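Input: a single structure, listed below in structure tokens.
Chain nomenclature is as follows: A, B, C and D, assigned in order of appearance, with residue numbering initiated at 1 for each chain independently.
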């Protein structure tokens, strides 16, 4: 923020306050990578939401005679990406798996984001004993072997998607807890918080109105990175046999089950792997963009014309090593 | 001080000569020209003030001189000459050789301008390590000398302290100490006192003057404070919307402004104006850089505006006595 | 600093006890191990006999009491599976994990600082965009997939590296480390880049440049130490993940580390080994957290001054 | 490290000490682009033609001989390090003399064995009948809770007596016609072995002796020069373990090992693999106490719904044989007349319809329980079975479990309140006699059976007391009877194992290979080398 005042970040000098900040889609249009990410994510979300309506039971329909067919154009739409060992269409399974994958990853991330941030902001704002308590809770969760919980819950109780969500959510709470605590602890001594306090504003209002908005971009960035983490962990659980259980299918499960066919039938494991990579990279790109776009002091970065951004002229000559 | 091979400038030659400087800036609404053909020069021992409202391009001018522009902005034309070299055409390594011994800068907010995780002694001694190759200990000794010079009490102990352990005024002193460490030819002070309270402001300004006298530096003072200019500067360059509208000796300009903008500024100062007040209001506000009219940049707010002003942009013309102004009708002002 | 450490350690003791108790009860919720260790045809009497010999016929509180009494004497019991002392098995496995985690984090942090800084130095330059894209991709590749690919490509097709195993020259480290490395490296590059971008746009960096500091000096002398806080936190979390067991790498490459030991003892209901392993990793993780806090204090004088809660 | 029997300092600790050097080396290596010249050798040591390198699926939990009926232990110990008195020919099922030269039933409850002379243990002590008596006593009658005790002997203790240096008698509480077969599971150790506690590293009379065990990394064996039989071809052997099948396969391809066990069927097309029937039989056990599975028509419909050929071809690499009974050929009691059921969806659907018409709740959800890692492709097999059962109109969900959880479903007391269960089981027939199968899986109160009939129970008890051809016939008939009247099992396949074999060696796997891999039968492929 101080950057703007002292070293004359151009936006503040050149765009007076009455000038409305540029529309977000214009900013998105400027960042081709983020725009591509947004398109991919939208696509994935649409497929996850509505894909099952179109494929019917194709994801489950087996044909042992059509086992391990390579991708081809001659077997109709469902043969486009080949078949798996049970002769099920890989395309249909990818579509079906998109729904499962997102229905695990998104709630897991949201749960840990909400719970972890709430606890962390509360702890960081109040400080003292409450802060210590929250941090120790985080310590316990972090040092608890989450695999043990996973095995207990998934083998002893029931291996449902809901349980996987719960496990992943609990395991990731400390990350948000610590991040938001740090932010809140730093902000609680700031002038505007003090001011609010002197007016007798209740603490949850201060946290909600004053601290949360400032901490949110960071938390959202962490959440995006976590989205990736959750998908990969779910995949690793499948590798160990305790992830999503057949006949449900997730991308992680497909990668895990297909890995033994890596040499003979690459499409079974490479395609879902690619789906994971594409989705998470898109989410990360979009998060990076959103972080900049929501930060007035950084927004100008997005406004650089494309051709100059990569060119050396965009960088002060002094800074070229 | 003479690590650079360039000849030491004589007192008559300008220590800093800026000519036709243009800076383009990328904004959401396209590329705009933030600094348009700014020229000025300053000799050693003299103080030049860059005066203007927020957003007029004065800070960007200063940053282009020392080569610290943000990536969103780039120099697209002109020359910045020190010791006979155009710094805009130097290689980064050659430029670094000038940074410190020849050109240096002081910022407004000393808290963020000091590295929060380094002891101040080390930061102040850093120029000696970079340019003179002194050992850490020798540099620290030099730093303590400088801290003494700028009036830090108990400098030897305080050299080990961190920036957040100093008051605002002290931090500004530290920043100044760092800037004058290598006796630069030119010191650029970018609103050095804005963040401070009035009594401290005066102390800092006095310190700057003493150092300037002692070290015979050229000072470029960037400010929006007319009083500071009046008391402190020898020459003034008045900027508006990225261009220079008037320049000349402070006394001359302030007694008989030859541009309606300067005139407006001066007129709006009440008799009992105090130092440190923000720049007095001229009715209206400057044009957006993306919408600078084709004619005179000041036309929208000018009391003298005429048809010619809309059609033709006035160039900066000499008006005698080493002064110049960018107004088609500056003579009228002079007469008035 | 000493009071800081003492307080920090004291406050870690209670969570440690929580972890130990939690594991004890959770493990017992997974059911009786008797069936696993007797032949399918064993009779009811044999089962009862075995349970009695192992103390599984006692009530849970009684089992807990026995465990705590033994643990107080540093006796963590005997493995049902191998008949060895649990302590010995855990201490054999742990160095492997520590070595893997240590080398991985060393390389990840070094590499990420170099590449992240380079990328941050010129935001949106070609270098930056390549580095960002690669690091994002690296962070999202399923590790077992990467591992199996590595074995097939570098182990079999090219024949440069051994497919797996722990015995041999430095080359046996390459594939396991590379597999472990991709994710922490990918994440850290992004974190370093992010915090370096903001550090490099700070006014003190401009001042440093105005003193004629070289880019190297600017990055490593000024910006890096200011950018290090989030990097340390994230690196700490990533290390915790590695210490808790690089199960996949240990499984695929046959490294006898703590992760594999833990998952095996969970699946085999080998409670003594599981409890000993969790206790050791928990202690390590607490130590690691303290180390991270100390690093924070060392790098930032403002943290040092603030008295920890 | 205490289990190192050689004076060589154990490598585990050495490695910790060399860690720093390794760390540095690793760093340098990685940062310099990680191109390593030459072909790296890996864990199992270099291919020197003198060491036989075997890669297993897991580290043996112990090498204690009385635990040799555990697959992980037995595959290393049996017939390599220690030997039993009698061995069973895996193909013919006949018993051959090993450390016993002959045996006969001397009265109804007593068997007499003559032991071999001129045999010495690897510690130099001579082998006598006293050692044999000690070993049987230790394995069967002690408090060690040896696995072999429960596996082949049950509760009953044996009375063992060495009547001379070369003769011993074994007396059972009940007449036992297959006692020599049971004793083929008892590995003989010297009488100096600890009788109070299990040992981790045994001493035996076998062709190889353990030279070192690096925990987590490798077990090395050296040829025992005082072996009484023919000296094996390889002077040294080394076991390593990798749990991932593709890595085991890669080690064969790379030349890092000569033998790899339990490869995925997907590798079966390679020249470097050999398949062998491993005496395991898979089946779906239907819980006949819970509707709708309590209806014979529904159980029969399930049997008809399964596409055995399809599953075997697509999922098991074509390596298994469709099964119609729990015991494979070569086991006493196998019925040659039984044909595996062929898939007939139409008939199966008709049976379900019929049952539904009679008020059987065919819509009730059946849980298909299978165990992860039971065999390669198990989860796909479970999915295929689920799909095929759904095709005939049943409501099925799959539950994959770990070993411990699956055992709760498999063993009595069976879990309550879990609804109808279709449990995927894999039954090992290593013992070679249907008696082991029927008492467990077919008796109405058998430990691994959910229900049965009194008629079948009676026939099992009768058959158990018979011997010779009568025994064979009685068991064969009752197996056929179960398929007609009980239908507790939907038999899937007699399974095969897949072994990876380097071209540099010759080895013929047999049905016992999975439990007992005789290194002495491995020879270098001379012809291939020259």
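Going forward, a contact is a pair of C-beta atoms (placed from the backbone, for glycine too) under 8 Å apart; a residue touches a chain by one contact, two chains touch by 3 or more.
None of the values given here were measured: they were computed from a predicted structure.
**Q** For chain B and chain C, what is the smallest step count along a path of chains that touch one another?
**A** Steps on the shortest route: 1.
**Q** Give the chains in contact with both chain A and chain D, ordered by label.
**A** C
**Q** State the chain with the largest centre-to-centre distance from chain D, centres being mean CA positions.
**A** Ranked by distance of C-alpha centres from chain D, the top chain is B.
**Q** Can you figure out the chain closest to the middle, judged by Cα centres?
**A** Taking the mean of all protein C-alpha atoms as reference, the closest chain is C.
**Q** I'd like the Å distance between the centres of chain A and chain B, where a centre is the mean of that chain's Cα atoms.
**A** 46
**Q** Using mean CA coordinates as chain centres, what's the chain A-chain C distance in Å?
**A** One centre to the other, that is 22 Å.
**Q** Which whole number of Å gives the spacing of the CA centres of chain C and chain D?
**A** So the centre of chain C lies 36 Å away from the centre of chain D.
**Q** What's the distance between the Cα centroids of chain B and chain D, rounded to whole Å?
**A** Here chain B and chain D have centroids separated by 87 Å.
**Q** Any chance you could list the residues of chain B touching two or more other chains?
**A** In chain B, the residues touching two or more other chains are 67-68, 70-71, 96, 99, 107, 109, 112-113.
**Q** Could you tell me which residues belong to chain D and also touch two or more other chains?
**A** 246, 402, 404-405
**Q** Do you know which chain A residues sit against two or more other chains?
**A** Expected reply: 2-3, 6-7, 151, 155-156, 259, 262-263, 301, 304, 314-315, 318-321.
**Q** Sort out for me which residues of chain C touch chain A in the complex.
**A** On the chain C side, the touching residues are 11-12, 14-16, 18-19, 22-23, 26-27, 29-31, 121-126, 129, 132-133, 136-137, 139-145, 148-149, 152, 183, 187, 190, 194, 201-203, 206, 209, 214-216, 233, 237, 240, 244-245, 247-248, 259, 262-263, 266-267, 274, 278, 281-282, 285-286, 289, 309.
**Q** Using the touch rule from the top, collect the residues of chain A that touch chain D in their complex.
**A** 60, 62, 64-65, 67-68, 85-87, 151, 155-156, 158-159, 241-242, 245-247, 257, 259-264
**Q** For the complex, give me every residue of chain B touching chain C.
**A** The touching residues are 66-68, 70-71, 96-101, 103-105, 107, 109, 112-118, 126-127, 130-131, 162, 164, 175, 178-179, 181.
**Q** Once bound in the complex, which stretches of chain C touch chain D?
**A** Per the stated touch rule, the residues are 30-31, 33, 35-43, 45-46, 49-50, 53, 81-84, 89, 92-93, 95-96, 99, 102-103, 106-107, 148, 151-152, 155-156, 159-174, 177-178, 251-256, 267-269.
**Q** Mind listing the chain D positions that touch chain A in their complex?
**A** Listed in rising order, the residues are 245-246, 264, 266, 307, 310-311, 313-315, 372-373, 376-377, 379-380, 382-384, 386-387, 398-402, 404-405.
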